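Per-chain numbering from 1; labels A, B, C and D assigned in written order.
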Amino acid sequence: MKRLGVGLVGSGFMGRSHAHAFRAAAGVFDLPMAPTLELLADVNETVAARAADALGFNRSTGDWKALVADPAVDLVDITTPNTLHKPIALAAIEAGKPVYCEKPLAPNALEAKRMVDAAERKGVKTAVGFNYLKNPMVALAREIVASGEIGEVVSFRGIHAEDYMTDPKAPFTWRLDAAGGHGVVADLGSHIISIARFVVGPIESVVGQIRTVTDKRPSGPGASEMRAVEVDDEARALVRFAGGATGSLEASWVAAGRKMMLAFEVTGTKGTIAVDHERFNELQLYTVGQPGGREGFKTILAGPQHDSYKEFCPAPGHQLGFNDIKTIEVKALITALAGGKAFMPDFREAWEIQRVVDAIVQSAREERWLAVTEI
Amino acid sequence: MKRLGVGLVGSGFMGRSHAHAFRAAAGVFDLPMAPTLELLADVNETVAARAADALGFNRSTGDWKALVADPAVDLVDITTPNTLHKPIALAAIEAGKPVYCEKPLAPNALEAKRMVDAAERKGVKTAVGFNYLKNPMVALAREIVASGEIGEVVSFRGIHAEDYMTDPKAPFTWRLDAAGGHGVVADLGSHIISIARFVVGPIESVVGQIRTVTDKRPSGPGASEMRAVEVDDEARALVRFAGGATGSLEASWVAAGRKMMLAFEVTGTKGTIAVDHERFNELQLYTVGQPGGREGFKTILAGPQHDSYKEFCPAPGHQLGFNDIKTIEVKALITALAGGKAFMPDFREAWEIQRVVDAIVQSAREERWLAVTEI
Amino acid sequence: MKRLGVGLVGSGFMGRSHAHAFRAAAGVFDLPMAPTLELLADVNETVAARAADALGFNRSTGDWKALVADPAVDLVDITTPNTLHKPIALAAIEAGKPVYCEKPLAPNALEAKRMVDAAERKGVKTAVGFNYLKNPMVALAREIVASGEIGEVVSFRGIHAEDYMTDPKAPFTWRLDAAGGHGVVADLGSHIISIARFVVGPIESVVGQIRTVTDKRPSGPGASEMRAVEVDDEARALVRFAGGATGSLEASWVAAGRKMMLAFEVTGTKGTIAVDHERFNELQLYTVGQPGGREGFKTILAGPQHDSYKEFCPAPGHQLGFNDIKTIEVKALITALAGGKAFMPDFREAWEIQRVVDAIVQSAREERWLAVTEI
Amino acid sequence: MKRLGVGLVGSGFMGRSHAHAFRAAAGVFDLPMAPTLELLADVNETVAARAADALGFNRSTGDWKALVADPAVDLVDITTPNTLHKPIALAAIEAGKPVYCEKPLAPNALEAKRMVDAAERKGVKTAVGFNYLKNPMVALAREIVASGEIGEVVSFRGIHAEDYMTDPKAPFTWRLDAAGGHGVVADLGSHIISIARFVVGPIESVVGQIRTVTDKRPSGPGASEMRAVEVDDEARALVRFAGGATGSLEASWVAAGRKMMLAFEVTGTKGTIAVDHERFNELQLYTVGQPGGREGFKTILAGPQHDSYKEFCPAPGHQLGFNDIKTIEVKALITALAGGKAFMPDFREAWEIQRVVDAIVQSAREERWLAVTEI
């Protein structure tokens, strides 16, 4: 079987998660190529060597350019801080190597578009890690919509709310640095936008509202000095889909008590779907036409009849975890690299998502409806 | 004990519900006045007589003006079709009699304002039947917010979604008649607006989106002729509260499967509240500062420690029903009429609610943010 | 319409609830007779007079025998402490008057049987207030089972758990007095037994376990003196139904946090039903044979298509409360008295329930399986 | 770091799961030894070779005895059909090698005891795969009980219900072969017994009920010939714990609609815990003494403050899956083999669990209470 040499840049949480997923995918799925954890790059040799050892990579380097150039590296996998996504991706594309990049591609749609153009010019395959699109229950939602089981989509309500920035004394982090892009609308909002597009379709126009709830935070852990926060802590928008549906999107990282409320409800002319990632192995489904007195939403538990589940477990209801979702993502990536079904979301799709992010922010600042094509 | 002669105009579902509530309130609560079902008016003598008999009224009439003028009628209670609310209320006010009117007061804010002005000039007490404000769990939400238990309010998400117009073949009804006012944004949206104002406070500005999903319906039950629908089937808005909080509101009567999803979530700087009226005897509460590894939303079941519950049942968890909520409303009304705590929402508050309804529609039509004071 | 003169003995919580239900039933339902709150008896004239005034009875008396004998009393309604149920009921039966008695009929099956025999000899109609059997969702469970929608019943798990005696310092009350019968197995266990019989059918044999968790309690509120508790704080049993199904029953009044967990699950060869009275307007239903990948329990919300709901509210999902259930009970009673469908549970059924209660206790004491017919 | 050569016997679902767990554990946790997938044995060379290739083992063999004897195998891991557990385990023990065996150890307690004795005589470390004990929420339940947060345990209700044998036409399988031991009481019941012992403590006596619901099944897939079923399809028992608590246990594989209802509720004198594995990343906790009007069960979502979670994900609410639980099990095993905290459950604990299984069956057959020590 053909070998796929993985070159990973970055070894933080997402780096670990990717390494785990490559290793797990080989055991769980019947893959068309054999991924090898070939080379790991990090900020310097020492850090990289330690991480390579911990994560099971064959070799390490302190120079990501060397990684890109390394002949044993067939795939460049980017899990660095966001500001490095672009230069590394462009270098990999230039070298003709496929790229697997964590979201967001770039701080704004303009820069993301340049990455799309570069990749498409070179004909390089790309993939972006919008994990939750690989949740079998999200795939099921898309399938139900596409099959017409709930009729035509009337509306969509999407929320991604967590609470990791609720404490006003939580210190400034890279997430709050406006140089890296927008705030929660990019960090979490992009996930719910990705689902909206995946399940319902393109978004045509938006009117947004953004807000910085805590406008000064300690400049670092334990710091007494304060630093101004310029990015949004919460954001929401009304949207119109190209297909005619309407809806709303919402993102917050100050939603006290919500740990993983990536939730959406799709209302169709003949039924409704609801999913909440705090219970992401479940999908609620209502269809019109049930017998009188027996109507209700049903709770479908993930099981072997749903996408990619049975390879993890032959029995329903046993649940997949976050890392399993990432393992499914890696399976889809390797399948695509081997010539199978194209991976989605690719750079182009990530750019489309970023356009909606930017449109929400700009429409909020200008206090008006904005066509996404204006971005 | 002083007697309160009730004169009810209208004997449809809400008329029955009011009659039931007056009767029930006398048994459940220790009231300061004794309500008597004195006189019932309906479209003609026959209908009125039959209804008076069924609902236990002493007398009946086919002429609401006679009811207003009747010396034994101390309170004029209006549950007629919406278009009659205004003339009856104005006549009652003119006669110096307190008015208890079902929502909405009037088809638009302008007409509602005239009713407010009339009542305030005359010094007549008024009450409007926004039932759900009397749900003890909604009162609890207000109390938790007011006490600062969840800190300052950051955001509010409010939804009232039901599905009674989902079927595109469901015939035209008075609810769809634009002469009576707006569509679902008035019918259901007004409920969630009333809660937003009750729990969080005044709404300063909005940007709305409205949509008629089914634009033609059979003109009546079994009719083959079609009639155009001009009012909204679904509506949503972004809002800014005067106190600084942000949020969204949503209303739909085509939300397949949702039977009574009057749901809201209030996020504060120190906690979050969530309520859904499909389970309206419950309130979800999260507060920051719980012990590590023991953090979570708690599900509070309505019980005797909550507003107006213990008179129904001494034990928690036994649940109140929709009609009990209406009974609490009547208790509050009689208390106010007897000189106790003023009843809310009165006509002025109903007008404020209607202004938000109108603002959502106007901002949707003009595709722009609108200050509620522009209405 | 024929008048039904109600004579109520007792004016505690259940007395109030009955009075409320008679008044409410007349407004909510189209009854075949007109109930009149005619006469109220309590421990003495003063208490009775005050209660009659509060609950809206025409007259009062300090002597229940006078009530039984009163010619204007057509129905003797007993909501006294348990020890008085028997003498009052027997007197009413002797007088040829129908009896509506709160559960339990008597402290044990033997005494209950005497009441059954007396009533049947005299041909007097009887009714016992096992409220929850009138919950439309319990009626729906019975209907689903009877129709074969879930095949043949395989097993039943029934629980009634509350927590009002959890605190070991909660003082001794009449509920703990062994003279009045057993403990929680009678107080709450009888409810779940009544449901088991109603939904599945007769219980043939049991093996029980009972336990007094707190064996000494303050003899009264604020008392320092302690009194020994002899009755059970929790009880459970394995059961065999006459129809072949198996199952378990459980009762506890020391189930910390459970406020109204009257819950049951019926498993059939083709499906499963689950109900929990903390959300008693819902029924969970699973049936085999759903399409692949779309299988799940559905949550059915109470609505107008279910028994007795539409008279309270024309729209689904608006919920009934505890007192509404009691109102349905009263409607069924008046219907039966007017010659309609017989009321269930009558004294005979209450005796059958009591036999299971006694069988659980005796089998627990003797540590063996016991046929219910041994009682 | 010291190498741990894993010899796996069996490559069905559990074999795959073990292989996955060893590979994943190395990436997720900081292990004291480096597990190597050294040798895989299966029924013959061909099957073993194919499985070794798919699961990433270095070598393969058709002879488990060769595996036990292989000098590079440091750990004998048994995931064969149940009837082979004993001979392989005894051989491994004889060879002085630690054993990791899937549940159940043996068809009955007597044979399990022989395996315990052999292991203890040889001083060999043993581990049995009762997966769910490694669920962080089950560990949390144990911790809450042990810390006294819910006071003294009063009662325990445990259920393991699934529906994979609901269809009466589902063919005969090894699970139904009485030669391999009991039916669902062993297959699923052992899991809930393991949790009862882990969270509450030893079980002293039981009275059981077992039933074969479908007593004849097609002898194989598509077979027209029928084969008699002798083992139990459902089982339940009342139990007394050595510490004084009471409770019930239940197991069913014909529980239509239940996919992974491994659920338990522990009631203490000061609070209650509830867990259901259909949502196994959640624990419901109620404690007495909450502020008035603010009492409720809280829903705790698994997060980094709970056992073994943070190595999978730094953020709460992201959920672990079934395979992650198995990965935690392998981590605990390797830690124990390296001299750290002893692994539980070992063979002795598995024998204790099996005694309860056997006691339930025997007490059901003899229709009497049975002390577990009688087994």
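What we mean here is this: a residue touches a chain if its C-beta (ideal position, glycine included) is under 8 Å from a C-beta of that chain, and two chains touch if they have at least 3 such contacts.
Keep in mind that this is a model prediction, so the values were computed, not measured.
K.L.:
Of the pairs C-D and B-D, which shows more C-beta pairs in contact?
P.N.:
C-D
K.L.:
Could you tell me which chain lies farthest from chain A when each chain's centre is the average position of its Cα atoms?
P.N.:
Relative to chain A, the chain whose C-alpha centre sits farthest away is C.
K.L.:
Find the geometric centre of each of chain B and chain D from their Cα atoms only, then give the gap between the two centres in Å, rounded to an integer.
P.N.:
54
K.L.:
Measure off the straight-line distance from the CA centroid of chain B to the CA centroid of chain C, and report it in whole Å.
P.N.:
Centres of chain B and chain C (C-alpha means) sit 35 Å apart.
K.L.:
Would you mind pulling out the distance in Å between where the CA atoms of chain C average out and where those of chain D do?
P.N.:
Comparing mean C-alpha positions, chain D is 41 Å from chain C.
K.L.:
If you look at chain D, which of its residues touch at least two other chains?
P.N.:
258, 295-297, 301, 303
K.L.:
Which of the residues in chain D end up touching chain C in this complex?
P.N.:
150, 154-155, 157, 159, 166-168, 207-209, 211, 213, 234, 236-238, 240, 246-248, 250, 252, 254-258, 267-272, 286-288, 295-297, 367-369
K.L.:
Across the complex, what residues on chain D touch chain A?
P.N.:
Going through chain D, the ones touching chain A are 13, 16-17, 19-20, 23-24, 26-28, 30, 54-56, 162, 164, 258-260, 277-281, 301, 303, 312-324.
K.L.:
So in the complex, which bits of chain A are touching chain C?
P.N.:
140, 285, 290, 292-301, 303, 305-306
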